[in-house]
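Paired with subunit B in one complex and with subunit C in the other, subunit A is shared by the two complexes that follow.
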Partner chain A sequence: MSFRIMWSNQTFPPTLIMSSITLRVEFGGGLELLFSNIKQHKLTLPSIVPSNNGTKLNGEVLSGGETKPADVEYLMHHLRDNLLQERPELFMEDNTVRPGILVLINDTDWELEGEGEYALKDNDEVVFISTLHGG
Partner chain B sequence: MAPKICALCQNAKAILKRPKTGQQICKDCFFYVFETEVHNTINEAKLFSRGDRVAIGASGGKDSTVLAYVLKTLNERYDYGLNLFLLSIDEGITGYRDDSLETVKRNQQQYSMPLKILSYDELYGWTMDRIVSQIGKKNNCTFCGVFRRQALDRGAALLNVDHIVTGHNADDIAETVLMNIMRGDIARLGRCTSIVTQGEDTIKRSKPFKYAYEKEIVMYAYFKKLDYFSTECIYSPDAYRGHARTFLKDLEAARPSAIIDIIHSGEAFEIREEIRANQKAQQTCTRCGYMSSNDLCKACTLLEGLERGMAASGITDRARKKLDAEGPAPDNIRTIPFFQPPSGHPLVAVETTA
Partner chain C sequence: MSADACGNPAVETEATMDRRLKYDRSKACIKCKINAGRIVVRHAVYCKDCFPTLLSTKVKRSLEPHINPRTELSRRKSLKASGNLLIGFSGGLGSTVLLDLISKIYLSNRNELRPQDPTDGKARGGKDHPRNEPVWQKASMTDRGDEIKSLMQDKYQNLELIALRLEDAFDRKWWDQVGGRASTDVAIDVTNEDLYSRSISTSDMSDPIQKLRSYLSALPTHTAIDNAIRTLTRLLLLHTARRTQSSHLLLGTSLTSLSIRLISSISEGGGFAIREEAQEEWHPGNSSSSLPIRLIRPMQEITMKECSLWAWWNDLYVIGKEKRPGGKQGIAALTKDFIVGLERDYPSTVSTIARTCAKLAPKAEAVGSCILCERPLQPGVQEWKSRISIRATAPSSPSSAPVLRSLAPLLCYSCHTSLTSRSSKSISTKSENSPTPLPFWASAHLNALNTVNAKDEGGDVWITRRVGHNEMKGAIGEFLLE
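Presenting the complex of A and B:
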């Protein structure tokens, strides 16, 4: 948990909020090879994030810019910018996962959960599985 | 977002959106419809007869692992009366195939199926590691593909099976349709959508997952927690197929039915009689007895090039002429043992589960 001053369009005027969520993230089907060959990760995200998915503001005051609740789209950017070790083009393309990567949110196909717009909750589990590796 | 209810049982929470139909279904209904559709494919194409000995071409990857599991399940549920075997080809790729074969060996235990592993080294005297060290990474997929096809048939003959099933799925077949169109390969375009292929004296081959989407195969493996291996081959993957695949995945993202639609298009092509008449008749290889459209089969041609240190002779006409100019193949080169189609008795004792 971290305490942070946040200026957002949802919490105006700026308030002191408890502002992080903890997630479990898993990679499979060979995708883990892009993430140091580690399948399971636990990570913490701020609960309110920049609407443009910028991930370089961690720990700083968000001022002025538009914000949104942390969603799966933001999670993908966070993973790409902070955890991914190589070949980002094999993970993301045009602000979403590369076609052929399956995503499950709490063991449900993300296509039933609003895909990138799904607003993450504390303790959610998100699984990314590549279907692109040889069979 | 409120949980969605299964469109089939109207009871449990939906966990999957089916790419083929757009239906939202729960886990149990998914298992049931996936398995039942494969069963219907098998029935409609009359793939099996009671008592058949069937080898599953097993790489340890997702498709063949799910195929082995589903065939075992259906064989028990519907009493097909099949004897199922796992047949794996060891291409000799350190760090790739040796790891995936460990997965197949676990599958052998998990599914209680006899396993036969046949290696390029024992059949051809060359591992892919050694081939790549001689020819480099360019064109090595040609060697691997030609050698694997023949190795599967020979492994099947050793097991004395009637039939080889492979894990080719709907996505693979749609990709192949696209590739054959882009290459103008009319002969292959005509046969690549067939669920069964069988030459006169070759072993029957079929693709029970012809209509199964890759997404559903991977989801099935995930929800069943099946043990499979997923690493890209360390030698550059088939680049042309890679482009077809990326294109197909982009199409699928825009319209999921694209995959099944392309298969239907492939099935609907008709080859004109005069085109078909120009295609070469099948014969048997004069050196190894395997089916061939020339005097020498492709594997013997490639092997001779490797043995004589002129590997490109199996790839380009120019290099072939150079090889021919050096005279006939010497007697002392390695050749492939003569092919014996199944005779009624297994030629090898297969390893069974402990």
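Presenting the complex of A and C:
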């Protein structure tokens, strides 16, 4: 279950800004072609993010709305908005990954981990593999 | 589901249905019940240790009952094939995983295996099939032959590679190599629904690539092009299987791919031969051996997701397939989008498609085989088509080239529709005067039929061909009233 923190004041807590998690993200099955043809990426994400998965992280955005711990759904939005080079429709569809993309969280099928709702932890490894190679 | 599971949205605005888990019971592996699960396959959870066993069991279950010449329903210990083994390898995910699985299941721990020359006179087939036999692969139609070659050299040194290209279907050298019947080149007129054929001299069009381009550019829709490429690939492999004295041809069609093929094949008018999409027995036209070649898809119980994870965990290099420009608009691509989406949300339904289609059988007996795709020919196709369609054929002058016959009665519904069905988005720019060459096997069938007709002096010979107005008038002139 995810918890929600409501910020009613305009001041963004400094502790929240400082708190971040480091992730390893890898693309396979040709999906890396959408991400500058780089397979492995190391990312640093804030540990608390907007519930609407807005990726323009600044005090203004966070202070005005609901927040949640950074999860895989947010990670997908972050990848789309910051790393994706072309054709976002080939990566995401309806707030989740496009059908045909397999996601592994720490080498485990994300369907066992709660899919997009999985709360990311420091040093997690998330892999996105396109299964649409044909064959 | 009980009423408590989800509230009444009309009363409780916050009420939402509990999200259904993608797996049954617990996260522990359902096989060993000890390890934590790593993959969910149609609601069942497997660990990384049990996953290889799962895949190899599925492959064996699909393949081994068909290895012996006589199909056995029960599993047998002694496997004895009548010929060699050919594996179709396109560089795509399915065939990459198939090659790896077959290699691991049947070829691992066989140190005596070394690259072998097919002409060394070594006895093939027999009790050790397919374990100690050279295995051939098919190169992709795209220009990735070098990649495939180096992959074979690096990973599968004990296998022999036979590269095939799509244009080989129009190459006389290849046709002679596979032992095809001598035949003249035949071209058809795709602007007419009767598909009149005529022989062309080799000097008119000798380059196989040019012939392939001419053939594909004559097709009226993207769906027809996809269909033609699939048929060419399948027949190239089957004829190569005959050449290599193979009794079995294995393709890496996954459960997902099979379901896509089944639905799109029915949509394209191939319902009569729906069983052949899953498995078929191909009888070479002039075969000296009496046994057919079995085309088997050993991965037809393995989903694309399982293939993908297997490739990832085993660090398999998937070369991938080139996307054909415009292919997205075809029935096959649209069906693929639908089935892949369905598999994510309702994975069992995809399996249901394959299982349901496996129960289908045509009502009528086939009346031979289509000369283009060599699949069963449904009787009465043209009669039925003439009843259900309104046609307006533009008048055209007969060609001076020697006329053979109409191809329409010799084609299955799917092939005939592919060649002739035009839509508002028709892409073909063919004119009547530019002939469309046929693959060599189709020309050979046509030549053989004409020879048989010529020899059949005692009976009536019915040939549909186009005649000019003067010739027509001359034939019925004496019956005309002035």
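Assume the second predicted complex is superposed on the first by the 113 of 135 C-alpha atoms of A that agree within 3 Å, B and C clash if a C-alpha of one lies under 4 Å from a C-alpha of the other, contacts with A are read in each partner's own complex, and residues count from 1 in each chain.
We take it that a residue touches a chain if its C-beta (ideal position, glycine included) is under 8 Å from a C-beta of that chain, and two chains touch if they have at least 3 such contacts.
A quick note: this is a predicted structure, and the numbers were derived from the prediction, not measured.
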Partner chain in contact with A:129 - subunit B first, subunit C second, else both or neither: both
Contacts of A:99 with subunit B and subunit C, given as first, second, both or neither: both
Contacts of A:118 with subunit B and subunit C, given as first, second, both or neither: first
First (subunit B), second (subunit C), both or neither touched by A:107: both
Doubly contacted residues of subunit A, that is, touched by subunit B and again by subunit C: 28-30, 99-100, 102, 104, 107-109, 111-112, 127, 129-135
Contacting residues of subunit A [partner subunit C, same complex]: 28-30, 99-100, 102, 104, 107-109, 111-112, 115, 127, 129-135
Residue numbers on subunit B that touch subunit A, as the complex places them: 1, 4, 13-17, 24, 59, 61-64, 167, 169, 172, 214-215, 217-219, 222-223, 230-233, 237, 245-246, 249-250, 252-253
Contact set on subunit A toward subunit B in their complex: 28-30, 33, 98-100, 102, 104, 107-109, 111-114, 118, 127, 129-135
Interfacial residue positions of subunit C with respect to subunit A in the complex: 22-23, 27, 36-40, 45, 48, 90-97, 252-254, 257, 304-305, 307-309, 311-312, 318, 320-321, 336-337, 340-341, 343-344
